[in-house]
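Report on the structure given below.
Note that the chains take the letters A, B, C, D, E and F in the order they are written out, and that residue 1 is the start of every chain.
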């Protein structure tokens, strides 16, 4: 069996992420989606908890009829030493063969640790972009609705995620570490 | 949908754990298996990495034909403050309704946080006991083979887990924090 | 007895804070002043130690003849997970009923955890503003003297706090985490 | 003004502690009670939260008519480096002159940092002993009631502290770090 | 014997650092070079690991025929509490008498802890400047080559340090903590 | 150049350690002595600071006329995840080829990471044993003097290390984490 990991923060999960997962599933038998910065939530850069991000992704996979036994979701907290990040990942996930990522540094670190690197195409980066989507939510620009899966739109509204983001943005950010 | 979480360290995953999962799946729609002390490995109490424990559980669920879309595995690192543990768990996992546990303190903490508590029966605790199983592996007592699922036996041998445990036990434990 | 907590960083303690304490003492029997980021000191954003901030507040309370048995000061270090912050606070302080805060996110988090929220009026935010006061101290603009209690003026000078702030500002900030 | 600090864990606060506070108040103008291991709770060695320990001490001080403006309670979390503990303490508390402690190492460390050391007498150590008191609570031996202030007896029962301790003791200690 | 410490991050080690070491060796018997932020690597501000920085400095000392028994290199990780930094340093290094630094805050903190302060001259700060050198490497401006010792040029190229820096700069900085 | 690392805690540095260093220097060009648990001091298991341990080793190397340019001492703090320890070490030290250790787990972890393993002979383990030496110091049994280099005897007495150890042992170990 050939397994790949796909690391990201998914704040929130958008159609670019969705496309990478589909692209990856054509190339690996099993795909591990690594939900990074799992310890973070309720900040401008990381508004959603790891649990909420798992729900967004799981709900979308169901909506898209992607078989549950081909994708594993694993939340992973940050580590203080970047230099050992690849090995930190290895401790948290089942054995894998490849990483799916475009970032040149990530790719080099995994290549040096003897993993295959699969570089996915860029999917409409101007629109499918988490930083942009968070900004749109904050200023009530509805464009973000077309950048995320239908399930994510419903889910973010259900949990009041849009209101939470506006509250975080409208404050002195007292919960953001300085 | 009614969701339950089942916390444990699964060092290693044994038939008692397996029975609790089956018992739980009769009572909840979706079961979240929470793999605790995820940051630990290579010590006497925690020989296996989180990734290896995920493989043990996933492989057994397949062997037992348990549908992959009814069980979610989530590794979770320890937190330094026990008093907030329930809320730490809430950040890492999708929304849930109940906890499956026998431990009276765990049960009280979750009850105080307004969760249902489902207390599973005891399944042959004298035999299905992780501490005992680790000791049997160390002294080459083959009884452990009957206490864990077939998949776990194969998997532990495949990764040399039995040799690793003996190496840890045979040393001054220089990697164990003092 | 009805108890409220009032969270802040108090870098330094100014007349806006003083007014909130007085306002709060009209609404609760006992007020817990929560001194956040207690582990920080000697940086541009957090020049004063927790101990120094306790002295500023205690000295001012005495100057103002506020009875010592109605106010409790509690320093509290930051936590890495914002999502559990409310519960972290609950571990460090005596049982309380209400939070005194204007921040919409803080207010929502405490409301979700079943606390009352008391929103104090804004007291001359243009002048009573810690960030501004720190800047004035650095550039030797004496306006800050009118924005803090008399005791704080004397105390900051006594411990050389103004010189410390200028030293921090005049450097490459080698002690500031990057 | 001459200030002293009195460090302890107060798990729970007992009559020996009470006597040291009274002894100390005859020797210093203001006494800072330092509540150590503030981040801990819900374990065999540290069953009570910092907030609960503050309540025990504050309630007893009131019961004993000790003036609130002569005692300051400060919770302080553990630090990973023992060698800098004295300086960690200095950051958390107002300026002080003396430490009240019997421990020879603590005394030497503070003496080396130029503090006075006040060594209190031993008050019935066989009976006024936190470890013993926790054991008595667990086995329902009522002797502990005579070893703690009346307020603490009432308070522990009010919050169900005795039941909590028994629950912790009766389990596999899954929340205790290994 | 009179010992001095010289703290820095050395990202990378440049001719200004080299000159300070020579200047220091004329004033102390033994010089301890303290390599700060030792846990960091692979970020824009801290591209090199502690081990790589040790190699840069050791190689240059050899190239310059500086006797190995007069210089000690000690990597030291950051601490979360700035206020105890001087004492944290004292734990990691042999007993020393003086600090070599220009930063006014660092100098005051060490002076308060009873150390001598030796303030070195400024050596061509416009050119010998780590932040500038990292930028030059990123944009392929060869000026940096004249700002670092010959050994460092060769070493950075040998380990592909210039390529690494460009990779870090050309990405969304997913490994940089937010 | 062929480099080896020799990991240990050196609490205190004894003749067994000294012999391993000599044995190692016959097999490698440069030897990196890795001083583990660098953040610890003032406990029963780790009485000496990293700085003190560096002084013990450096002083002995001089006494033994071992050239300073063949040995590099590097203090390294513990990491919370054992599974990535080898890679944590790689970040802190210059590039190396081999590890010198007898511990079977350590040896396997380094072998899996493609390092050579050099297993030194056992040098009088009954006598050259740090745990035993610490006990002898505590009970004033002078046998320890023959188990450590002459320099270490003088150094421990100079800094009052024997008195410190007795003080730690004679207390309730209030600084030892529980």
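We adopt the following convention: a contact is a pair of C-beta atoms (placed from the backbone, for glycine too) under 8 Å apart; a residue touches a chain by one contact, two chains touch by 3 or more.
For clarity, every value in this text was computed on a predicted model and none was experimentally measured.
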item	value
Chains touching both chain B and chain C, listed by label	A, D
Separation of chain C from chain D, taking each centre as the mean of its C-alpha atoms, in whole Å	26
Whole-Å gap between the CA centroids of chain A and chain E	36
Approximate Å spacing (C-alpha centroids) for the pair chain A, chain F	43
Junction residues of chain D - those touching two or more other chains	39, 41, 49, 81, 83, 90-91
Chain-level touch network, classified as line, ring, star, complete or other	other
Pairs of chains found to touch, sorted by chain label	A-B, A-C, A-E, A-F, B-C, B-D, B-F, C-D, C-E, D-E, D-F, E-F
List of chain E residues in touch with chain F within their complex	38-39, 41, 49-52, 54-55, 58, 62, 67-69, 72-77, 90-95
Interfacial residue positions of chain C with respect to chain B in the complex	79, 81, 83-84, 86-88, 90-91
Residues of chain A touching chain C in the complex	39-43, 49, 164, 167-168, 170-172, 174-175, 177-178
Complex contact set, residues of chain D against chain F	7, 36-37, 45-46, 78, 80-83, 85, 103-106, 108-109
